[in-house]
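Structure below; questions to follow.
Here the chain labels run A, B and C in written order, and each chain numbers its own residues starting at 1.
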Amino acid sequence: MNKTGRNGGRGELLVLLEAAQSKSAHISRDTITELAESLDLSIGEVYGVASFYSFLSTKPQGRNIIRICKSLPCLLKHAQTIIDSVRQEIGILPGETTPDGRFSFELTNCIGACDKAPAMMVNSDVHGDLTPKKIAKVLQAYK
Amino acid sequence: MALLVTLNGTQVRGRPGQTILELAQENGVDIPTLCHHADLSPLGACRVCVVEVEGSRTLVGSCHTPIADGMVIHTHSPKVLESRRVIVELLLASHSGVCYMCDKANMCELRKIAAELDVGLPRFQVRKHYYPLEDVSPYIARDLTKCIMCRRCVRACNEVAKHDVFAIAYRGFDSKIVVDFDQPIDKEVCRDCGVCIPFCPTGALSQPRETKTEKKGKPLVVTS
Amino acid sequence: MPEKRVVLKNCGVIDPQDIASYLAADGFKALEKALKLHLKQVIDEVKASELRGRGGAGFPCGLKWEFASKAQGNEKYVICNADEGEVGTFKDRYILENDPFSLIEGIAIAGYAIGAKKAYIYLRAEYHFLLDLLQNAIAQAKKKGFLGHLDIEVREGAGAYVCGEESALMDSIEGKRGEVRYRPPFPPTSGLWGKPTIINNVETLTNIPRIILNGAEWFGKMGTEKSKGTKVFSVSGDVAKPGVYELVLGSPLRELVEKLAKAEKVKTVQIGGATGRIIPYAMIDASLSFESVLGAGAITVFDESRDIIDIVGKTMEFLAEESCGKCTPCREGTEVMVETMERLGRGEGLKKDIKVLEELAETMMLCSMCGLGQAAPIPVVDSLEHFRGEYENRIRQS
């Protein structure tokens, strides 16, 4: 492995971090340490990359991640009522994880579903044209 | 092959590959810099060294822009000076160091440039960066409240000391120079090196204060 | 001018899962034609079409290709920018969902033209649900023997708007933080891993097969003097029919907003997302073109009930959150603007605020390192020009 190499080297860092994120719902310190060693990078360098991207998390997260879009096209279509409904449904605030580890709740920037506003992502599924009434049913599918 | 460049109205000769900053320095024109350091690779992040190049929509960073034949450069036009002032003002607005309590005092490059550009109290209202003082290491003290993200320490550590202790983490206004998992600096590799300390333009990096040594001289007595 | 489906001609017509339906719609005929031409002829055709980048910046596509083609070195790259992150934009998603094959054909032609053996599609994390579809389309094209000269790999983003900026995008593919680079050097000379690279938007590349197959002359008949062809728009906000519409360049904004998307009582339209222009209803007859207003095709409509200070405040919040943080004007400037807009929103503006905002905007536009920072103050500048009264009303009178 070399530091600047294209294959298997540094160029794979983001891919490897993404893989770790999807496998264990976060990037642990052990993972960062291992990646730093195998790619011959400093821990800080790997941590710096992991902390840059908003879909990567260095803190443990729930089994399912809810991301409600808070950008203007969704806000115009009452995204706030969706945020409130999710909050009531799962009993936590944005930035938190339910005690049973089922959901993490986040607000996110434009997800490119403005034609179906208000919209949210649960894991990588996009749910659009939401109404407060639909929330419970949508979330039911995620255990 | 010499390149002909007009620098502040005067025709000068430069070499291919030379930056605008290098050409200016060679010709006795003083352009302020913060993130730039002659011993480090260029970064272009602070934008204090911007200059006007005729035909360019924006100002350009002089520390990283190579000269070209026929280039017409203004290093101190009103537009340039105003922009530099605003940039320094921005840096001061979120900087929470208090100059009269800072060890860097008159050695501080930010303070020096602010004075030269006639920047006083910043007009911008923005939250300040507050971080706890890192004084666990006996070899280096770090006060990130004074950091202006010039990354000279990161490059000095990587390129000069070859230690890779520092890295950049987070994003935007929250970006920060970190060690490992964003821990207070106290690493084996940091002992006795100290290479980065003189590279810091502000008081963010310093040698820990020796408080136990005896100070000679009379105690300060104020009499009316 | 009515809707005209050139880029979107296959959307809703073919089966995006099945290459056979694409082949039945003249699929890969442009590539076959291009491969019989000298690469210079391909570039000349693209140059002659005067196709300009559809990602927002509008750089002439053929020129970009020519620079990369002439650059030294055997190792060159094509990158398709599918990191569609601009607020209110979803037209690339629509293209990817409905016609991934046209994009792949465009990439294959680009690869041949500049002499690249490797191409990347940088797909934003939010579009992860399209990954299988895209990879399936690549696999089918490969199986049919269309990608003998070029390996196409999909790389995923991880949630960072700034990675839609070409230099940040390249750093991200290189496994780094998505921070911008200073230029020069420009990507066609020194891009991904320092090698000559072209970076084109999804829509730009989807135009390529049409241009090669029908010719530059056909393409040049559409549009205005400096804006040839069509543009795909994403319309959202206060409209009855949000969605994706393709119009000939130079069409009036009114047609898109009122006639097609059925907006009523429009107060203002944001064109080009967070870094786009904010124009008042009085300018609704503006032409959608590079000469006038365009951006990447995001059209967000706000009706008369909306508050400008709130719109601009939310926009600045987005930009501050998404600034990479490398250069001072963008990192600090967007944050100052957020705080100022918040204060104005509470009706606690200071008398100096407007002047300070204007001076700050000027410096951000002149000195930021990339297009994001340079364009970040546009919402403030435009709204101050057209809706100054709303700012003045929020200044504390005491």
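Remarks
Going forward, contacts are C-beta pairs under 8 Å (C-beta built on N, C-alpha and C of every residue); 3 or more make two chains touch, one makes a residue touch a chain.
Small disclaimer: the values here were computed from a predicted structure and weren't measured.
Each chain's centre was taken as the mean of its CA atoms, and the one lying most distant from subunit C is B. Across the two candidate interfaces, A-C and A-B, the one carrying more C-beta contacts is A-C.
With each centre defined as the average position of its C-alpha atoms, the distance from subunit A to subunit B rounds to 35 Å. Our note on geometry: subunit A versus subunit C, Cα centroid distance of 24 Å, whole angstroms.
Touching two or more other chains at once are residues 160, 177, 321-322, 324 of subunit C.
Within subunit B, the positions touching two or more other chains are listed as 168, 170-171. For subunit A, residues that reach two or more other chains under the stated contact definition are 48, 52, 54.
Remark: subunit B residues 42-48, 50, 58-59, 61, 64-66, 79, 82-83, 86-87, 90-91, 93-94, 123-127, 148-149, 168, 170-175 touch subunit C in the complex.
Those residues of subunit A lying in contact with subunit C across their complex are 4, 6, 10-15, 17-18, 21, 48-49, 52-56, 71-73, 75-76, 108-115, 117, 121, 124-126. Residue ranges on subunit C touching subunit B, taken from their complex, read 160, 177, 179, 182, 184, 320-329, 331-336, 339-340, 343, 352, 356, 359-360, 362-363, 365-369, 374. Those residues of subunit B lying in contact with subunit A across their complex are 164-171, 178-182.
Across the complex, subunit B is touched by residues 29, 32, 41-45, 47-48, 51-52, 54, 58 of subunit A.
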